[in-house]
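A single structure is presented below for examination.
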Amino acid sequence: MALELRISAIDAGYGAVRALHGVSIGIRQGETVALLGTNGNGKSTLMKCVMGMVRPTRGSVSLDLDGETHDLTRLSTEEIVNLGVAMVPEGRRLFPKLSVEENLLLGAFRKPARADIGRNLAFSFEIFPVLAERRRQLAGSLSGGQQQMLAISRALMSSPRLLLVDEPSVGLAPILVSHTITKIRELKQRYGLTVLMAEQNFHQAIRIADRGYIIVHGEIVFDGRTVAELEQNPLVKNYYLGSAA
Amino acid sequence: MRLASFVLGLAFSAAALAQPAPVKIGMSMPQTGSLGAGGKAALLALQMWVDDVNAKGGLLGRRIEFIVYDDQTNPALTPGIYTKLLDVDKVDLIIAPYGTVPTAPIMPLVKQRGLLLMGNFSFQVNHTVKHDMWFNNSPWTDASSWSDGFIHIGQKAGAKTIAFLAADQEFAQNLANGARTLAKKAGLQTVYDQNYPPATVDFSAMIRAIRAARPDIVFVMSYPNDSVAIVRAINEIGVGDSVKLFGGGMVGLQFTPNMVSLGSSLNGIVNYNSYVPGVKYPGIEDFLQRYAKRALEAKVDPLGFYLPPFNYAIGQMLEQAINATKSLDHRKLADYLHKHEMQTIVGPIRFGPDGEWANPRVIHAQFRGVVDKDMEQFRHPGRQVILWPEQYKIGEAIVPFEKARGK
Amino acid sequence: MKFWIGVAATVALAAGLALSGTNEYFFYAGYVVLQFVVLATAWNILGGYAGYVNFGTAAFFGIGAYTAVVLFKAVGAPLGVQILAAACASGLLGFGTGLLTLRLRGIFFSIATVAVIFIMHTAIVNWRYVGGATGVQLLRPPAMPLFDSYTRMLFVVMAVLAVAGVCIARYIEVSWIGRGLRAIRDSEEAAECSGVPTLKLKLFACTVSGALMGAAGAPLPMYMSFLEPASSFDLNYSVSALAMPMIGGTSHWLGPVIGAILLGSVQQIVTVTISNEINVLVVGVLLVVFVVAAPDGVLGLLRKLKWLHRSSR
Amino acid sequence: MLFGILVGCFYAAVSVGLSVAFGLLDVPHVAHPALMVLGSYCTYLLGRYGWDPIVAGIALTPLFFLLGVAIYRFYYETFEKRGSDAGVRGLAFFFGLAFIIEVGLILVFGVDQRMVEADYIGKSLSLGGYRIPWRLLVAFGVALLLTAALTLYLSRTFTGRAIKAVAQDEPALRLMGANPVRIKQWAFGIATAVTALAGAMLIVVGPVEPSLDRVYIGRTFCVVVLAGLGSMTGTLLAGLILGVSESIVLTLFGASWAPAVAFGLLLVVLGIRPQGLFGR
């Protein structure tokens, strides 16, 4: 049961725009890693590189899984998902015209997940009871917080081993952010998930992170091996803890 | 090498000089679009005439060259096609396309240029233009020539009321208007009158309404697709026991594929026709036998009773007039056609001043004893019993309708 | 400047041809081709510039033709008046259609315009004054003194309409209206956000396009001396009006002109040469080949050639 | 009224394929009615060897499925993959395809209308003096079964749900581990397979000729748009609305107004509620 994601020295971008410059990060089994940085610094691009939605122009993305190494830059998004990697995309990307239940069931599209549907569904409804109440409702009619819950649950329906969460806090009221982060922690503990979470809300992120990276203008500027290291970093102080303070 | 080809070319042109230039006859014929099926069968008959004449040595000693274009049943195309025929192909004679709609746009052109035009199963197309060099081959003239037979048969059977069902398209509406006037004159009371749009899928509702109105006669003016659907609907729903006579102006029941596939459900229907077996015209049986062979190869209507003989007759009339006047002059030919009775495989034809037949003879015949899935049965007299006109009459109508259906 | 010389030359050429002894058939065929130039140009104003695919060409064309018939029958109006009135009527129809449907996007708009054809068709079928389903036969007045035949005159009239249509389309293309329409085509939201009055522009394009189509239809009853609804509201007009700019190229006013002349001539030639089912096939095959192999039409191909030519040097 | 319902169900049956292709996949599939007429002719061909039309229609579905897959593959490679402007050019492509099918049929079969024979054609069911044609009842039954089967398929299977989702957000569907192109290809295959059956219905209900597709472009799109895109039950209801309103107009105003009112209905719906009557 070994899992390790290794990203080394990748460049990536959209057309002429370079969003990432020589980024290297790694995540091992059972870790929760935070990817910290404000808007537009390349967090989402990095996530998309892992999912095969953006192809790096240089460098490698590889996933070691139970002794086998998979080169993710050669695989399609579907194939990566089938390896057991799931992402909660930025902006949630639900299917607004399908019901809550249909959205969840679509999450279990990958073959290995289909056997676990009953268990995963029950679990989703247990941690997010509101989804059970609204299972017949259209996803598009849910509130922002509920949509985030649905997006997370939907990703979990695929019984992932590595979960990528892109900006879970965006567009949510502070109380909901805190709630969502707590739930992610709960999930992680129950499932033994490995989590990579991109977030700009530093305070919330470090509540559950084991360690983290800080990314600025498409470059990793700091590799914090512990939460404490992160909190001590001057950059963090400047950017997040408020130089104003 | 060059010299050789030059000599060869010279030899050819010498041969061409020795042979008189062909007589060019041109027309456009709907080969696609709504009139395409009929048009192809009609064209085959004309082609047969051309072959026959050429085998006999041509017209005035000259071969016939037959130039045909497809107008796709689209009236917007025919003016262009006919000018092409006249000005580019330089044809000597022209024949009108099958049907009223493709013919109408060329009437002013023909009149303006003073050309002879042989009409082809159109309906009252010369009515407004009044061209005196127009000669139609159809056995009907105006709407009354079409419907008075049917109404006459109905009255003889003691009918007092009538129902109309008409397609909302050019030809059927013309007919319907004529029939309405005629029915009023005959003192028939109209109990139901419905126009239906093109591409109606199901007639059940209308047939049911007719049934509820309990008419004595049902006069139907329909287009091929609709005719088939209507026959099916009356078969399924029934028109009720009040109806003595059903049919009249259903286009499409003359076409072989339809007759074969409708089979026994045709029984009892009295419908117009141009020719049915049993009418003794000189030469028609021979023509139909030869036609049947070629139709099989050409994949067109295999029996060919409705249009082909009358198209062959167009050729015969031209042939007769040209041979008599020894000329291709349109005015002379037209004068001849006006003055003389033409002898054709559809009987003698004499033209009235408007270029329609002086004595229209639309046949009304009743389907009887028709069985399913048999084409050959229609070649024999008796499957369509002629009730009208008097001179060809074979029997009396069996009434009421349901009884005639053998049910 | 070059453009206006071209305009003058075209009109002069048309008039010169009509007054010369050229074969009559040329004018019949030429009339049809020119009519398609007008239709394709008109279609392109809305379809090419703004990206709104109008399937209702037949409706506007047919209404134009029937407006002319009504005026001719009622008051014997001269051809010029008929054309003007037809343009007004179809423009009005375009405006109405626009009001009702321009909030629809993509294929919904297209379907709505198909519906307009059927509704107009049915309305005319039920209107006995213009002959209903039967159609109406008309006796055209004698041609104007200069011309040998009425068709020659109609040919010149259609040439003038075509040139006028192209001028209008070109004006729209190069003016701020065209820029606005292109912005709508590329992204309607973005256009709206940057202050383009999208609804007004679309309504304008719809009205002008409809009016031109109506004007193209107005001389038809005189051309045929006959008019009936089934062929006037024929879906083929819609398909041709769409296929021609696609084949020629939709981004430039020259595209529909090239497409119309190309496809229109091919149709005319095929009608009198192959002359059977296959001529119906031509439009279909050409359309498919062009949209698949040359998405930017003939103009796109030419541009590519030029570019290749330049880059090889 | 009853006939309106029966005919309405028939309209629904001929529209469900389009409801999938256009409603769910956003493919501007104007060649749908042409494929349907092609199905009718194939049914007719098999009918000449003594096949029952319904059986023939069902037997044709695998073949049409493959045809649909091929058409979509081509459409995808030439238009969707290139991205921009797929709508306009795709529309033109399908129009051209419809033309080619139509003319192909004319070349092979000629312009004559064709029909099939079966025990249930030309007979009717008597219900207390009321006679209902069997062919409409058969069409009615098949329509109901077809709609029910498709509804179940779309809501109960993984592929079905993916088909419903694919047009809403393709990248998100990839994140579910499904390949949107494969899903669309599969769905288009199903839509085309259903079309074969609809073609069989068409020739059961009445005679067929090659240019019949033009009439059905209007009717099928009308039903699909009325239904609200991609809703199967909506398609059934919209078919019923069209059938019933046509029959009401037919009895009240005369048959010649029927087509305009049906399209008027469509325009009004598009103007007021573009998402359709039963859309979400």
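In order of appearance the chains are A, B, C and D, and numbering begins at 1 in each one.
Keep in mind that, in the parts below, contacts are C-beta pairs under 8 Å (C-beta built on N, C-alpha and C of every residue); 3 or more make two chains touch, one makes a residue touch a chain.
Every value quoted in this text rests on a predicted model; they were computed, and no experiment measured them.
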> Which chain lies the greatest distance away from subunit D when centres are computed from Cα atoms alone?
Replying inline: A
> Using the average of all C-alpha atoms in each chain as its centre, how far is it in Å between subunit A and subunit C?
Replying inline: 55
> What whole-Å value do you get for the distance between subunit B and subunit C if each is reduced to the mean of its CA atoms?
Replying inline: 36
> Whole-Å distance, subunit C centre to subunit D centre, using C-alpha means?
Replying inline: 31
> Where the CA atoms of subunit A average out and where those of subunit D average out, how many Å apart are those spots?
Replying inline: 42
> For subunit C, what residues touch not just one other chain but two or more?
Replying inline: 122, 125, 133, 277, 280
> If you look at subunit D, which of its residues touch at least two other chains?
Replying inline: 106, 256-257, 259
> Which of the chains are touching one another, listed as pairs?
Replying inline: A-D, B-C, B-D, C-D
>> With touch defined as at the start, can you tell me which subunit D residues reach subunit B in the complex?
In response: 3-4, 6-7, 10, 106, 110-115, 117, 121-124, 131-136, 205-207, 209, 211-212, 215, 247, 250-251, 254-259
> Can you name the residues of subunit D that touch subunit A in the complex?
Replying inline: 155, 158, 161-162, 164-165, 168-169, 171-179, 280
> Which positions of subunit B touch subunit C when the two form their complex?
Replying inline: 31-32, 68-72, 74-77, 79-81, 83-84, 86-88, 101, 104-105, 107-109, 112, 125, 127-129, 168-170, 173-174, 197-198
> Which positions of subunit C touch subunit B when the two form their complex?
Replying inline: 23-25, 27-29, 31-32, 122, 125, 132-135, 137, 139-140, 149, 151, 220, 223-226, 228, 230-231, 234, 236, 268, 271-272, 275-277, 279-280
> Can you list the subunit B residues touching subunit D in their complex?
Replying inline: 31-34, 36-37, 40, 168, 194-197, 199-202, 204-206, 208-209, 224-225, 228-229, 232-233, 235-238, 255, 257-258, 261, 265, 299-301, 373
